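Both complexes below contain subunit A, partnered by subunit B and then by subunit C.
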Partner chain A sequence: MAPSFALMTVVSYIPLLLAVVISVTALSIFTIGDVWQAGLVGLTNYLDVLNPSGPLSVLGPLRNSVLFTVITTLVAVPLGVAAAVLVNQQFPGRALLRTVMLIPFILPDFVTALIWRLIFQSGTGAADQVLRFLGIGADYNLWLIGPNAFWALTIASVWSAWPFVYIMALAALQAVPAEYYDAAEVDGAGRLRRFWSITLPAIKPTLVLALCLSVINQFNSFTLPFVLLGHPPAEEANVLPVEIYTTSFTANDYGHASAIAVVNLLVLLIPIAYYLKKARSDEN
Partner chain B sequence: MRTDIRPSKPGVRNRGPAKWILYLCGGAFALVVLLPVAYMFLVALQPIEVAGSTLAPDRLSPRSFIDVWSAIDLASYLANSLVIATITALASSLVGFGAAYVLARFKFRFRNFLRLSLLACYTTPGIVLLIPLYVIYVQIQNAVSVQIIGSHALLILTYMSFSLPYTIWMLSGYLTTLPADVEEAAAIDGATRFQTLVRIILPLTLPALVVTAIFSFVLAWNDVLFASVLTKNDTRTVGIGMQLFVSTAADGGLPQWNNLMAAGIITAVPAVVLFIIIQRYLISGLTAGSVKG
Partner chain C sequence: MTQHPSFPQATETTGNSIKGLNTPMSRRGLLKLSGLSVAAVTGSSVLAGCSTGSGSGSGGGKEITVMISQSPTAPEGQKRILDLMRRKFEAAHPGNTVKFDVVQLGSAVSSAVVNTAATKEGPDIFEIGPNGLPTGAATGVFTPISDSEWSDLGGKDRYLPSMLAVTGKDNTDHVAIPYYASTMAMYYNKKMFADAGVAAAPTTWDDFVETGQKLSDASQGRFGVGEAGAEPSHAWHVIWLLTTQLGGRLISADGRTAQLNTPEVMQAVGFWLDWIAKYKIVNPKDATNSSAQQIQQFVQKQNAMFPCGFTQAISSMPGSPVENEWALAGNPTVPYGQQQLQGGAKPVQSYLGGATWAISKFSKNRDLALGLAKIMGEPDVQQLTWKEVGGLPTTNETFTAHPETREGDWKVIYDAAAGAQATPWSPSFGQVSPLLAAAVKPSFSELAATGTYSADQLKVQLDTANEKLKAALNSEKR
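And now, the complex of A and B:
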């Protein structure tokens, strides 16, 4: 009992604090052997990474991350809710469909990334083959490098993200008492009206939570971009977690990497704080 | 000509949309999910010369499922992942159970803060923790002059820093729902606290323990980030093994898409099977006990 909290302190709390400490040092490959030589640099690392025109600027990856997260979530949430509403109806084959819908969620991210890397191969992949068959646009597209890489990443991410929302929305739907619908029907409410006035308000708390968790998950997503786009990725699809990885384990610049990591955490603070507040109010 | 003479059953009204709309939408969702997966299987079965460059199902054979074992060191990746994920699952369940019991049954200062900080850990990005952990590990390694980076034990310990907060949170939520009377009855019968814990509480918690163990297992199995920094040639896990395979194959001219897809299918099986087993519990697992009702 006490040992497990001690272990958690060692492996979770101390590292988090240390990340902040490292972010104000010049720790790099040259000083990692003797950390006391690294030297404090104050907020220089933060100024470097937040300087729009500086060579170490992370504003590009930051913008990519925010856009990628927002677009993925905005597409995945309605899809997930639609899927949940669908399989909440009675029809033969429903049980099978429920399991099928879990597949993108239960596939390991590195396998999902592998499939979409194959689909987006220029000229030979399924994406270009289908475009050629349909006669839409060019039949040889650079999907994984250049500006398209952002969209390739977003499409793959939506594919793997919506079942998470679906699972949570379905649980919430199943908790809505059938009497509500009966009463509404007696009062003459139509199908759409019942959805807006009963279903949506009833599942709203869960939806907001799903939205929060989805934002956190997408913003932290590392494996999908890392395996899908290779390393280093196209500049247009370089997201923060991958940028932090490159700065720390390719450039071995731990000081700047930690500064980016702290920026990453600060951006996430809003959804995280909301999630924690929600979790706490549920407890009491 | 048809006349609708179905008797209207009381209480069961046809409030859903027409069946064909349901099947149309259901079919669309199934296609979106299954087409990429079917494509993966198709390419895995194609001969190496054309694999991944055509949609034609010609000359299909399952030989890539044999060839892939010699194309990459898949057996070693699987063995490493199996050892690391299993120990992570067992260790975090065992340690987490004890901590969860304390959280659920004893009132003490900072209890709520502690519970909340467990959730905070759950939302912290792995990459944010990886840098300080790596710096600490390098310092320890230099101090004791023993190579610890690349060992199974270190990777397991690292995964536990993520699986443990989650496990404690889940189990303590579950334990608070168990009635305290059982424990009181056992105490009256003269059982010690430890006996009660092992003989009574543990069996009752077993279903929840299975779920948290599977989540911890899958967490370790699916990881690429930590494995890419904390493994060496002979301790590589499936995640990083696959990442290296796909990047070297892409650079090497011959992409071997059939072998890549076969390896992807083989490495996905354990995670998929385990999740399907606990499919009913996925919901509680996902929300980490935060949504009640």
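And now, the complex of A and C:
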């Protein structure tokens, strides 16, 4: 207990406390040499970043982050579950398919971002070539700048995110006794009925966990948007972690950056709280 | 050539992804995770202070450390330069050694300055672009070099005056020693110009548009001018130049007032975007080009000229299809709509980029650092730097010993450097680049998609950028 608490204190609690403390100071590159000169500013940094009409407002990136997270999760979760159900059955080549499905999960985020950056090259990228082949839309689409950047980010993120759900769902599926399905089949239940009445309830706790983790993962995603879209990104695809980076390392304004990071944490507490409540009610 | 970054630059960081998790987590695990995530994104600025070593003495002699960003175009040539400096230093200062800490990312040098400000430890010398100096001075890491120290270095007269001028506010209190210079210039294809009946490179922006139109036929998909609309640092280069030529500024002379939405800036940006929208001399698709793509298009003869190109592009010409056709000229200096400069205004072709050496206030070996900086300015080192990484020398003795360094195409660079105008001495000037890049991005996106842009939307974007710059300037006061 004591060693784990000590470890958590060093790697988590102290940095968290520091972030909260810095968020109420005017610490910046101009005061980093003498942090005591930074001075306390109370909640000013929070008011600045949450002021809709202020120059430091992060409500736009916050909205982008929420939308991006929700859409990615809503697409990735069904995809992951469907893939898990598919490869949970016996068929030739299953082992190979399981391996292939893990590729997006294994790749580091920056590699994923570079791959999709190539795919989304205007005119010459695979995305435009496929659309051209299918005769859909324009020959030349701007995927990485302008409004499409949001969708480019979301598509790349879904590709990267669904295997995580798939792995968790598959692990849960393998724990479901085969007898349940046999009995249901004897009773005349079809595939859909077996899925709704056996599979889904059986994997539900894991699925809720996967959903929560996916939300946290997407909401905190930095490498993918940073590498995929470059810096600064299109306004429509500027998400909160990139905004924290910009404020920290471009503006060198650590007080405001920490305030944004704390806002980021507070938003993330919503899915966490939901998960904890759900887990508690399931236990009861 | 290494493009030394202005100060507030991106440090490549890893994301705070949790993709590695593949087992169910406990509730506590989730809380740990959330704690770690905020720690990762906010604590880094604090923890980063632990990452840089000190250049303190070791063993019997002393060791000084120079932090340098790696040359992206000539890393091997850079090694030869550093090796020459090391040998000369160790011969001149027996028993002492020098360590060149070559980092892959230019932004790492800027980050190291911040770390040094926080920890009071770090390299003895930072190699940094002129635009990074005001911020380094504001952090207290870069301090003015005294008159006696300048004497030890060979005197201020040793250096190219325009390059020396950018190392201190109002050309006083210089905080760094010039190493090499780079400037913006216009690259053009002599053969394509001749084929179109154009005798010489344009010297006014009216001529530039006219020349571009002679070289273009939008209906045939032929465009005379190349552009790098998506290169993050390109926007401020062009906008600064055009605005300065119109008599405007991006930050007021005293460094206190943001001026990103003035009529001069609007006019400058509008003229730039009109190369695509109105004059049809730039391919709308070039709005998504990086600098590398822009240069590639030029060497493949897809266009005949591009202004505001940096010295680094020179190294792309040998062995290319334009090897015997390309030439350099200064950027046009007379604003669009004018036939000559008004009221004796000074022609401005460029600001000064390049590299300087700033000695840390916290260096324990300042004398040795000055000794190495003196060697850095010697003709053999400067000439090798010119040859290997394409940096214009900054010491007058080099131009005497090696006149080739300012002859031929290099005369264009030398003239542009000699007449370059300093950027504002403002610690927040480094923010101008990302702010302007973000401000023009929607317009370029619109141009690439539709060939037009909304001036009203552009004004809104510039207003927003100006408000953000104001906030940055206010944070200096905080």
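In the analysis below, the second predicted complex is superposed on the first by the 263 of 284 C-alpha atoms of A that agree within 3 Å, B and C clash if a C-alpha of one lies under 4 Å from a C-alpha of the other, contacts with A are read in each partner's own complex, and residues count from 1 in each chain.
To be clear about the criterion, a contact is a pair of C-beta atoms (placed from the backbone, for glycine too) under 8 Å apart; a residue touches a chain by one contact, two chains touch by 3 or more.
The structure presented is a predicted model; accordingly, all values stated were derived computationally and were not measured.
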Exercise. Is A:L209 touching the first partner subunit B, the second partner subunit C, both, or neither of them?
Worked result: both
For this session: Of the two partners subunit B and subunit C, indicate the one touching more residues belonging to subunit A.
Result: B
Exercise. Does subunit B (first) or subunit C (second) touch A:L265, or do both, or does neither?
Worked result: both
Exercise. First (subunit B), second (subunit C), both or neither: which does A:G125 touch?
Worked result: first
Exercise. Does the superposition put A:F91 against subunit B (first), subunit C (second), both, or neither?
Worked result: first
For this session: Considering only touches as defined above, state whether A:I29 meets subunit B (first), subunit C (second), both or neither.
Result: second
Problem set entry | First (subunit B), second (subunit C), both or neither touched by A:G146 | second
For this session: Once the structures are superposed on A, label A:K278 by its partner contacts, choosing first (subunit B), second (subunit C), both or neither.
Result: first
For this session: Using the touch definition from the top, say if A:A257 reaches subunit B (first), subunit C (second), both or neither.
Result: both
For this session: Please write out, lowest number first, the residues of subunit A touched by both subunit B and subunit C across the two complexes.
Result: 8, 11-13, 15-16, 18-19, 22, 32-33, 35, 105, 109, 164, 167-168, 171, 206, 209, 213, 216, 220, 222-223, 226, 230-231, 241, 244-245, 248-249, 254, 257-258, 261-262, 264-265, 268, 272, 275-276, 279
Seminar exercise, completed: Note: in the complex, subunit C contacts subunit A through residues 7-11, 13-19, 21-25, 27, 30-39, 41-47, 107, 111, 114, 117-118, 120, 135, 138-141, 230, 232, 285, 287-288, 427, 430-431, 434, 437-438, 441-442, 444-446, 448-449, 464, 467-468, 470-472, 475-476, 478
Exercise. Touching subunit C in the complex: which residues of subunit A?
Worked result: 8, 11-13, 15-16, 18-19, 22-23, 26, 28-30, 32-33, 35, 39, 41, 48, 55-56, 105, 109, 122-123, 140, 142, 144-147, 160, 164, 167-168, 171, 206, 209, 212-213, 216-217, 220-224, 226, 230-232, 234-235, 241, 244-246, 248-254, 257-258, 261-262, 264-265, 268-269, 272, 275-276, 279
Exercise. Which residues of subunit A touch subunit B in the complex?
Worked result: 1, 3-5, 7-8, 11-16, 18-19, 22, 27, 32-33, 35, 82-83, 86-87, 89-91, 93-94, 97, 99-111, 114-119, 121, 124-126, 129, 159, 164, 167-168, 170-172, 175, 181-182, 185, 191, 194, 205-206, 209, 213, 216, 219-220, 222-223, 226-227, 230-231, 241, 244-245, 248-249, 254, 257-258, 261-262, 264-265, 268, 272, 275-276, 278-280, 282-283
For this session: Give every residue of subunit B touching subunit A within the complex, in rising order.
Result: 13, 15-17, 19, 22-23, 25-26, 29-30, 32-34, 36-37, 39-40, 43, 52-55, 95-96, 98-99, 101-102, 112, 114-117, 119-121, 123-136, 138-139, 142, 157-158, 160-161, 164-165, 168, 218, 221-225, 228-229, 238-239, 242-243, 246-247, 250, 255, 257, 260-261, 264-265, 267-268, 271-272, 275-276, 279, 282-283, 286-288, 290-293
